[in-house]
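Paired with chain B in one complex and with chain C in the other, chain A is shared by the two complexes that follow.
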Partner chain A sequence: MPANYRQTGGITMSANMLKNAAGRSVPDTVNGKPVVPYMGLDKYRPQGIHQSPRITTNIDYPADGNKRVASLKEALKCAGLRDGMTISTHHHFREGDLVANMVFDCASELGVKDLCWFPSASFPCHAYLLKYLDDGTISHIEGSMNGPLGRYCSEGKMRKTAVLRSHGGRYQAIQDGEVKIDIAVIGAGCADPFGNANGVYGPSASGLLGFALADSRYADKVIVVTDNLIPFPCIPWQIQGNYVDFTVQVDRVGIPEKIVSGTTEITRSPDRLMIAEMTARFCDVAGIISDGFSFQAGAGGTSLSVGNCFAEIMRKKGIKARFARGGSNKYLVNMLEEGLVEYILDGQTFDLDGVRSIRDNPRHVMTSPFTSYNFHSKGNFASMVDVVILGATEVDLNFNANVVTHSDGYLLHGLGGWQNCLFGKTVILPLPLFRDRIPVIKDEVTTLCGPGQLIDVIITERGIAINPLRTDLIKKVKGSGLPVKSLSQLKKEAESICGLPEKPVFTDKIVAAIKWVDGTVIDVVRQVVREGKE
Partner chain B sequence: MIYTAGNRGDRVRSDCFMSLETGSGKGIHIDLKSKVKALYGESITDLCRKMLAFFGIEQASLEVEDYGALPFTLAARLEAVIKKHVQTEKEYLLPILPQNEYQTAKDADRVSRLYLPGDNPKLMINAGIYGCHGIILDLEDSVAPDKKYEARFLVRNALRSVDFYGAERMVRINQLPSGLEDLNYIIPHPINLILIPKCETEAQVVQADARISEILGHKNETVHLMPIIENAAGVMNAHNIARASDNDVAMAIGLEDYTADIGVQRTPEGKETFFARCIVVNAARAAGIQPIDSVFSDIEDMEALAGYVRESKSLGFTGMGCIHPRQVALVNEYFLPDKEEISKAKKIVFAFEKAEKEGKGVVALGSKMIDPPIVRRALRTIEKAVNAGKLPTNWRDNDER
Partner chain C sequence: MPANYRQTGGITMSANMLKNAAGRSVPDTVNGKPVVPYMGLDKYRPQGIHQSPRITTNIDYPADGNKRVASLKEALKCAGLRDGMTISTHHHFREGDLVANMVFDCASELGVKDLCWFPSASFPCHAYLLKYLDDGTISHIEGSMNGPLGRYCSEGKMRKTAVLRSHGGRYQAIQDGEVKIDIAVIGAGCADPFGNANGVYGPSASGLLGFALADSRYADKVIVVTDNLIPFPCIPWQIQGNYVDFTVQVDRVGIPEKIVSGTTEITRSPDRLMIAEMTARFCDVAGIISDGFSFQAGAGGTSLSVGNCFAEIMRKKGIKARFARGGSNKYLVNMLEEGLVEYILDGQTFDLDGVRSIRDNPRHVMTSPFTSYNFHSKGNFASMVDVVILGATEVDLNFNANVVTHSDGYLLHGLGGWQNCLFGKTVILPLPLFRDRIPVIKDEVTTLCGPGQLIDVIITERGIAINPLRTDLIKKVKGSGLPVKSLSQLKKEAESICGLPEKPVFTDKIVAAIKWVDGTVIDVVRQVVREGKE
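Right after this comes the complex of A and B.
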């Protein structure tokens, strides 16, 4: 690593800045590697052959199927861990994850430096890794940047540039060779010595392991870590041992109460409840809630109550949804068990009801970013969903939205499946018009994560804005009594309450690149000047 | 000497905490900690400087812990803390939102009135979006004794700056006589109605009324009054209280205090309050004003609330207080005419209009004769249903007769 890396950041002075199709200024290289600027919706079509893992032969693996290694450190050594490698982990353990932190403890003990951490998402518990970012064990993160890690990155402290991708974009990047995983470490609630693994049993049960699927198939070396090793066969084998090099048993891979926290309850805030009710009413009036429809509502408090309102409407009408996309939790499971939803196509389970259901109910099905979101599959589920309820930190007058930074410029969230879900047939963002004085509607979003063409409706407690492109929706809700307004009307309303916000101050240094689902760069995040203007 | 005002802590939102020390000898020093500093830091500091100058403070050290407070809150907290230091008649008033200046009719619907603690700005900001007929900024029981002084500034500023989207703007003052002092902070600002708590005598109503006229001076505005009956003495005086002033528009009953006063437990069946509630309904009706029922204090149990509202309506009350926004929709729904009432009212109106057209003096619906008061009530039911959106304005056109 050049000595001056820290000063210049990951974007070296040689990077040229280009205007992408969204009008954002982005570099042509990130961390020294060339990147393609966003070209517009459905414009970029990479050619060539899917990336393949190196050929392995079973004569190199124990015939008795026992791939156990004494410790994680040993396994990493066996896997050839060395400076500059890319190490992946998954986020099914959420805030209860211990695996990623253990991996870098080992790396640090082994004196390895300059690693790229490639998680499917990070959580505040990974603030533990800040010391390894500080001492150079980790050079940078390609994945989501939550809480403290985002703050660290935003203040320009990370040695290289972060790269944020959606769940589908992560699969894409692995498949087309943009990211080469050297070692994948897959934590599992249950595994056998051969490496078959699942997330439905054991103290650290997390439901499923779909986010680790690509890692298991494409990484050069795969390590399965569990605190619940059972004799072969581990059924179901959500992760197939045939992809696995080493298995390790440890005391704990996660903190159960933080894996399936069950803390996400239906919102109690009257404002959010009102927004949720309005969202459901909108969908009803627009004719979206009809027999055999499909929906995806996130796991936030507002989204949960949207699901609840959907259920009420379905009961009244005597209709069913053909399928719902998870994240699943007790509310969605209840709908499945009540017969309001015929199938849950699940990406992750948030509570023990979800874990039980995916284990026992054949109609509760495990999915992965490959089936749901991947750009390089032959189609995916995301575009088949009738209505998708998502969040955002900001939207602008052109319906563009931001989910990764706050209006003060700090990077605090990952993309998750958000960008991928924008391909649903109708995309609705229920948002409070302002949060703690900060208006949600801007002239221009701080960071562009999703183009406005894909965002159909913004629902706030003070009115509903429908994308002018959706003339069908506009027609359907006419005369319904729903408070339809323009985004600029809503923006003005918020600013008359909150006052006109000042602009956060950034340096020129790029601290993170935001990828679109096809792997192009849709925007970048710049270093914030701490504490506003002082 | 350091004084403070406002609230702080992890759960505080849309509020701030100000701590002011004057006379430091080093000019004005402002230390701002705010989660919205990058976006509103300058405007917050500007407001503080402007206010300190307005009150003639030249030497001060001000610490601001801001949790996303809006300007009306920042200004209220700062004025409160300044006035703990200096005695002055001056008031720092933010401009009145033009849409906040409206008058309400004596017989306006007062089905749902949402109580908001006068020291909690967060709840005020969105209070107007739930569709309640009235919003009560409370200076009395929901404000801790040591916060009463500060709450006056916050309530005053809210009356000027917070859009309640047409809901009747109400304040519950403290029990007299200290409630009379509250009026000085409230009456010169956009206010429609004053609730007088723990009212026992007509003299109290007269006293409040007189103070209000005195403050209003020659301004041609009406501030309505709603006395609240909360003890046995009040119940026995209810009729006199109800007709004590032309500005009385409604009379409410407060059952928590009332049951304590007569030494009984409040039960779900409510036998113990039946007498008092009937008295209040009759006293109000005799005086030509609206009888308003007590609040229902279990905000989780919506079914019990529905039962309570049904009974309340059957006793003759025309509305009640809400202590949580969640209660508003249900209270509106159950107090307002239901499907059967609406359909019956329509039949009556149609029958009446038909009889009129045919020049008949007597109106009949089936085998029943219909008197003019019944027709009037039917028309009122329809008006309410239309106002509540339960009936389209063109209900005559798209309905079979």
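Right after this comes the complex of A and C.
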């Protein structure tokens, strides 16, 4: 690793800045590796072949299938942990994850440095790892960051540049060899000594383990960690032991009440409820809610409310949906059990009803970023979903949207599956016109995460803006009485109430690169100038 | 392709013959490609990396997921079918398969020549393809052959050398890049337009599709053919549409009554019944039938009977098996439903009870050659099975066994999962001492398929031979009254009844190579000299 990485933090001085197809200035290298600037929708054609794991042989693995080693530290040693490696974890335990913190405790005890942490997402519980970012155990994070780690990154404290990818983009990056995982550590609610694992049983049940699928397939070494070791076979084997090198039993892999919080409830805010109702009405008027349709509503309070409104309309019409795309929770499970939805194609379960349902109901289907989101594939099902309800922190007048930074410039959210879901047939963002007196509609989004061509409708408490590209939708809702307005009209209304917000101030330093679903760089995040600090 | 292939048929004259670790004379090249002679158990260490598919992009696939093309011929054209390609099919439809024959009808109509057919197995119904072997549409078969095609091969009529692999060896060969599949054609009892497919629904339900898993993952182009197209999503997706290029709807993919024949019944032969009972008694005395044990009994009449005897013993002892390895049928399903077996880990279903059970019972688990058999992996579960009951056409005095040729030299059977199952903890071959007055125990097997070190016990109607390597078993059954004898003693008894059988006469021409589970060549099959013909 060149010495100048640490001196400059993030992008080396030698990186050239280029304007990508979205007009964003991005570097041609990130952490010393060449990257491709975003070339526009459906423009970048990947070359080459998939990443190939080494051929292994059963000679090197115990014939009785018992791959247990005494501790996680031992397993990491056996896996050859050393300076500069890339270590992956998954985020199915969400805010209750104990595994990632354990991994880097071990690395620190072993004196290993400069690790790249490659989680499928990080959460506030991982603020614990700040000390390891400080002391150089971890050089940087390539993965979506929620909260404190994003703030740390935004303040320019990370030694290298963070790279944020969507769930599908993460699969793509692993598959295409952009990221080579040296050691994958996969926490599981249930596992057997051979390494077969699932998330549906045990005190730390997380529902699925699909975010770790690519890790299991492509990592050089794979460690499964569980607090619930059962005799072979662990069924279902969401993670297949044939990919696993070592298994470890620990006291706890997660904090149950934080894994499935069960706290996500339908919004009670009158404004949000109104937005949700307007969203459902829009879909109805536009003819989207028809027999055999499909939808993804999401798990936030407003989205849940949209799902509820959908259910009402479906009951009235006597129709059902062919499938709903999860994240799942009790509301969606109710719809499945009521027969309003034929299948849930699930990526993660958000509560215990979701876990129970995916465990017991064959129509509640486990998916992975491979089946749902990978863009370097032969298609995926994200583009088959009729209507997708998503959030955003900001949108601009061209329907471009931001989902990772706030208007103060801080990187506080991950991309999740958001970019991947933009390929749905109709993409709707129900948004409050302002949050904490900061308008959501901007001249230019702080960070570009999704191109406006893919975002069809913005629904706010003061009106609905339809992307001019969707002449079909505009036609369909004409005369419906729905308050259709232009984005600039909505922007003006917000600014007349809140005034013009202050713009964040950045240094030149790039702290994070934002990848598009095809692995190209769609934007970067720069270091925030903190008041009185710089 | 060098011209001398067709002149010589099979191995080129330039191939050097080497003696492998089993003492068999094998060539150093097969069909012009270098091969590694068998090096002994656990001696060959693979080098290199897995075969890598090209990176594809969703840009090239329909966003609505509809990959249907009008006909199989059209799909083959779209997939770029041309001379010399390798085309794969699976054998889940067994004797009722219509897909492979259709594929080569299309190829013939398109005037394509010199195709390598790479089935997971072929059956007598594929004798239809002899005309395409004759006219050069198909140059040769790499895959297990049951019946007429094997006979054709044995008579030296195939233009190139056949290569036989076990189910696990086939997965290994694809994974390791030994075989590059250009086009995989996957027949399915149920599929959606995206290419998700399963074998549990529809008139041509075959239970599983696991034998096509490697094909779907590694082939350059993948075509799913079904007679039962349903709207997305086809659940379960045993084959994932994300690997699929084209889907085709046809009238029929299989003949139902020949797919699940339902005819396999417990043997009524008193000799076979006695062998079965002795096998079960041996396992009981040896302490193998204990709570939580695992077994694979197989689907032949004798094996079914062994399974029944196991059930009796388990009921008496009040114990259950942790898992049974399928092929499944009504007998094994009954054991699952009675609670004698906790899980069936199934590779193929042999009757409608098997299909029903794997569709409806989450404890009846779909496996694939990847999870069960692949030797170039990080272990597989074949080596975890406590006792495995297998067949053989011949054994020699060192417990080496043959499963592909008869004592007349004809290649009439495939390897199936037989080699892979030899890794079970105790491997028992219950065999009649002679068949059609031909003794089963030989000085030397006609074709070596499995090394004697892996075969523990031979059980015949006239006595039991235990491999001297298994001193533990010898000790356990001592004093049990079981008729333990040496193999040579059993051989003498057979020969005293039947006389010494005639030896088959072969030409020098190698017509088939037999691979070991690690891809090395354990033996070859030579052209049979037919009486009065050569």
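Quick note on the criterion: the second predicted complex is superposed on the first by the 523 of 534 C-alpha atoms of A that agree within 3 Å, B and C clash if a C-alpha of one lies under 4 Å from a C-alpha of the other, contacts with A are read in each partner's own complex, and residues count from 1 in each chain.
Keep in mind that, in the parts below, a contact is a pair of C-beta atoms (placed from the backbone, for glycine too) under 8 Å apart; a residue touches a chain by one contact, two chains touch by 3 or more.
Here the structure is a predicted model, which is why all the values come from computation and not from measurement.
Student: Tell me the contact category for A:518 with respect to chain B and chain C: first, second, both or neither.
Tutor: second
Student: Quick check on the superposed pair: does A:462 touch chain B, chain C, both, or neither? Answer first, second, both or neither.
Tutor: A:462 sits against chain B, while chain C stays out of touch.
Student: Using the superposition on chain A described above, determine whether A:271 touches chain B (first), chain C (second), both, or neither.
Tutor: After superposition on chain A, A:271 lies in contact with chain B alone.
Student: Return first, second, both or neither, reflecting whether A:58 touches chain B, chain C, both chains, or no partner chain.
Tutor: A:58: touches chain C, not chain B.
Student: Looking at A:395 after the superposition, I want to know if it touches chain B, chain C, both of them or none. Which is it: first, second, both, neither?
Tutor: In the superposition, A:395 touches no partner, neither chain B nor chain C.
Student: For chain A, which side has the bigger count of touched residues, chain B or chain C?
Tutor: C
Student: Using the touch definition from the top, say if A:233 reaches chain B (first), chain C (second), both or neither.
Tutor: So A:233 only meets chain C here.
Student: Quick check on my understanding: which residues of chain A belong to both its chain B contact set and its chain C contact set?
Tutor: none
Student: Taking the touch rule as given, give the residues of chain C at its contact with chain A in the complex, in rising order.
Tutor: 42, 44-65, 67, 175-176, 194-195, 222, 231-233, 235-237, 240-245, 292, 322-323, 343, 345, 362-363, 365, 370-371, 374-381, 383-384, 423, 425, 518
Student: Across the complex, what residues on chain A touch chain B?
Tutor: So the residues of chain A touching chain B come out as 270-271, 273-274, 407-409, 435-438, 461-462, 481, 497-499, 501-505, 528, 531-533.
Student: Quick check: in the complex, which residue numbers of chain B touch chain A?
Tutor: 13-14, 35-43, 67-71, 125-126, 129-130, 163, 324-326, 389
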